[in-house]
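What follows is a set of notes on a single structure, which appears directly below.
Read from first to last, the chains carry the letters A, B and C; within each, the first residue is number 1.
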Amino acid sequence: MWAYVIRRVLATIPVMAVVALFVFSLLYLAPGDPAAIIAGDQATPQDVERIRASLGLDRPYLVRFGAWVWDIAHGDLGTSIFTNLPVSRMIEQRIEPTLSLMVVTLILAISIAVPMGVVAAWKQGTIIDRAVMGFAVLGFSVPVFVVGYLLAYIFALELDWLPVQGYTPFERGIGPWFQNLILPAIALGGVYIALIARITRATMLEVLSQDYIRTARAKGAGQVSILFLHALKNAAVPIVTVIGIGIALLIGGAVVTESVFAIPGLGRLTVDAILRRDYPVIQGVVLLFSFVYVLVNLVIDLAYTLFDPRIRY
Amino acid sequence: MSGEPLLSVEQLQTHFRTPDGVNRAVDGVSFHVYAGETLAIVGESGCGKSVTAMSILRLIPEPPGKIAGKINFLGRDLLTLSDREMRKIRGNEISMIFQEPMTSLNPVLTVGRQIGETLRLHQGLSSAAAEQKAIEMLTLVGIPSPETRVKDYPHQLSGGMRQRVMIAIALACNPKLLIADEPTTALDVTIQAQILDLMRDLKHRVGAAIVLITHDLGVVAEVAERVVVMYAGRKVEEARVADLFANPRHPYTQGLLGAVPKLGSSLTGETTRLSEIPGLVPSLKNKIQGCVFAGRCFMATEVCHTIAPALELKAEGHAAACHYAPVEAVAA
Amino acid sequence: MSAFTADRAGVSAATVHAAIPMPDVLPPVKPRRGFIGFLRRNPTIAIGGGLLLIMVFVAIFAPFLWTKDPTALAPAMRTREPAARWWFGTDMLGRDVYSRVLYGARVSLLVGVAVAALASAVGLAIGLVSGFFRQVDAVVMRIMDGMMSIPPILLAIALMALTRGSVQNVIIAISIAEVPRVSRLVRGVVLSLREQPYVEAAVASGTRTGRILIRHILPNTLAPLTVQATYICAAAMITESILSFIGAGTPPTVPSWGNIMAEGRALWQVKPYIVFFPALFLSVTVLAINLVGDGLRDILDPRMAKSL
């Protein structure tokens, strides 16, 4: 068991290395002179030179990569071209809203999507099933920001139930914090709910056709017990896997959702950085999100054994 | 046999809706089971015997399936019960064992939990009491060191052990009727014998009637008292085991018996070649004109192809659905 | 019940009693055939394909559908509500939203189709090679795993931040983000096919590797790849709109649906229609493509249909 954990943890190192190398190399892969592009069209040659130096583009590739990795290992993600602040500081200041949004979305999405998928599988072929599947296709088809605007228009502007935009830090009370996060979380969760509901339904259909479900029925077990005790536990591994993979969707969507709802998180930081062509910030955020994504999936991988006693390492 | 039957199935029809037509998997089957007896239902795969068994407990998903007819169990028609009332019967008064012990147990629950579930559902036992009873049941079905086995998951047990666990689950609530659907088919021959012995032993102890679904005539001869032969969704013959083996009336049954290797058949001067039944089972998606077996029957005539034979008593306690089955004097 | 006697040589005369015929429990099922039958059995393809055809028609014939110049400014007629003169209203620069949305179909569909084609072609090549050559596989798949660990939208954002916004660069950026998933899919198919007896037989009989790949492996990857390409097309259109929306996409002069919405963003509380119409067109188009994808998956790849 521990040998497997260690092996699995070590296996993420090459993945993370590739991520780092890739994010780092983008500067060099881009067509044209990145310093000139980042400096923008109105920049003077001096500006371009300054940016080139601050990005270290005047030094050899490998030397620069080595230094960069060394810095990251010490928690230094570089310095923003625009604000001259350390990127790690800027990320630190913005992490709470993003983390809050993601956690609320995750909990909300899973608690909506899994029962939805289970019921759709149980009522396969009925109008309920079709409604769930229809919702799922719709969830894949409407962009996050459209859902966001629609929700904000209906529930904030027209009905005035919830705040239109903004973010209240957690320390100012869980109520206001949550109120501000409901709409963004639903908007962001749309695709994610669609994804989880679909895989839940598909896996449950497969599991419900198994012999042991027939055994459970023959024992006189009730429908709820069959669905949630006998079947769902068997369906857990694929569902949990997709929940982990789907976090990539959440991360991408958070960038947009934060813009729509004016949440001062990492997504906003990214969008601002794009507009200012502040590449070190973009690099830092992409790297951070990717590492988080890899770690989450590592944890999920290791958690399989909790769901299925047949999986032994 | 006399008295009220425990279970009487009358004109059972189980049909399925499929994209290319209605599959009449079971089409008008009737039989009775008396308390304490063992009735075997035999036939080839696809003849509807398993569907019949599942229909009794209403384990057929509706839709796409549809069950019609009457299934009387202790004075109640099971087909008219609510889902809730039906659940109280399943696993409690009627329980079932399935063919595949490898896949019939839930892989993510301990065997103790799975045996205990029945007891908690029907006898309202606490989880501690259910586990205690589960250990007793494991002992009863002959599983060594039940105290530790009760915490095992199915994948830690062998096929024979899993089938013993299935039997423990089925018998936990002392059912009046046990339906065993090919309980030994998936097992090794030596294990088969053990499981059959166990079932026979427990039947005497618990006093349950058994409906045994099988394609194995050897098993029938060993444990059953009466036999129903099914073909293409119909009952074609019914008799006491001894009568059926000695004097099969339906050409299909004769073919079926001919397909079993028999020791000492050369003594009678017969060839030792196993006979086979030529042809294929008719599609159940089309209405069958005439006798269902006519297409494969060596003695079929025009009558057979046009008129479906009624199931009639051909001798005392011996019925067959064949125009040409020899008839003995039957007391009216 | 009718009874009569029949004779037969060698067999004693039998009394024939007809069984009572059993009634039908279920209404009869009529299998549907032909083109109409196909559409009725595959409603997702019928609906999705129909909507998609309309959108393609709109994109191709945009100039003839009562549109004006989508980039013509009319500062005097800014932010007009939808009316007979401006069916979808005008934006903050006085441009006709209806015309912009119709021309926007061209940009969005172009991005979707181009990304689907590019990502499939590159992913197919990488997947075939890495599935068939063990030495390459280890290295390539490590790289793909690394790329897949970067959320696709972020990867596209990072790429776009380093290039000048153009339709071409958007297509390349989104394609790069999609390639790893395609190559994983193709590689998976190749690995399972390699074990097939007919492929092993071809290898054993000395068929050249290139020929095996093209004759035996490639055709089998096409069905899942087609399905995947459809989904990529839909996802790419959404990604394009997101990139444009946050200012990392097509240049603002191009009337893509994402750009129209990005421009309407500042006014969405007072003039929601500027965002609403492009959003509606985008969602309907993506929905149509997704429906076609689901339908194709059900037809082409029953195994995959079961998995999702």
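Here is the rule we use: a residue touches a chain if its C-beta (ideal position, glycine included) is under 8 Å from a C-beta of that chain, and two chains touch if they have at least 3 such contacts.
Which chain is which protein? Per UniProt: A, C = Peptide/nickel transport system permease protein; B = Peptide/nickel transport system ATP-binding protein.
Since this is a predicted model, take the numbers as computed values, not measurements.
Asks: By C-alpha centroids, what is the most central chain here?
Replies: The most central chain here turns out to be C.
Asks: Taking each chain's centre as the mean of its C-alpha atoms, give the chain farthest from chain A.
Replies: Most remote chain from chain A, centroid-wise, comes out as B.
Asks: What is the distance, in whole Å, between the centres of chain A and chain B, each centre taken as the mean of its C-alpha atoms?
Replies: Here the centre of chain B sits 53 Å away from the centre of chain A.
Asks: With chain centres defined as C-alpha means, what is the inter-centre distance between chain B and chain C in Å?
Replies: Inter-chain centre distance comes to 49 Å.
Asks: Counting in whole Å, what is the centre-to-centre distance of chain A and chain C, each centre being its mean C-alpha position?
Replies: That pair's centroid distance is 23 Å.
Asks: Taking the touch rule as given, give the residues of chain C at its contact with chain B in the complex, in rising order.
Replies: Residues 1-2, 6, 8, 11-12, 14-22, 24-26, 28-29, 31, 41 of chain C touch chain B in their complex.
Asks: Which of the residues in chain B come into contact with chain A in the complex?
Replies: Going by the criterion above, the answer is residues 54, 57, 59, 63, 87-92, 95-96, 98, 100, 103-109, 117-118, 121-122, 153, 155, 166, 169.
Asks: Hey, which residues of chain C end up touching chain A in the complex?
Replies: 142-143, 145-147, 149-155, 157-164, 234, 238, 241-242, 245-248, 261, 268-269, 272, 275, 279, 282-283, 286-287, 290-291, 294, 306-308
Asks: Sort out for me which residues of chain A touch chain C in the complex.
Replies: Residue positions touching the partner: 14-19, 21-23, 26-27, 30-32, 34, 37-38, 137-138, 140-146, 149, 153, 157, 164, 198-199, 202, 205-206, 248-249, 251-253, 255-256, 259, 270-271, 273-275, 277, 279, 282-283, 285-286, 289-290, 293-294.
Asks: Using the touch rule from the top, collect the residues of chain A that touch chain B in their complex.
Replies: So the residues of chain A touching chain B come out as 125, 210-212, 214-222, 229-230, 233-234, 307-310.
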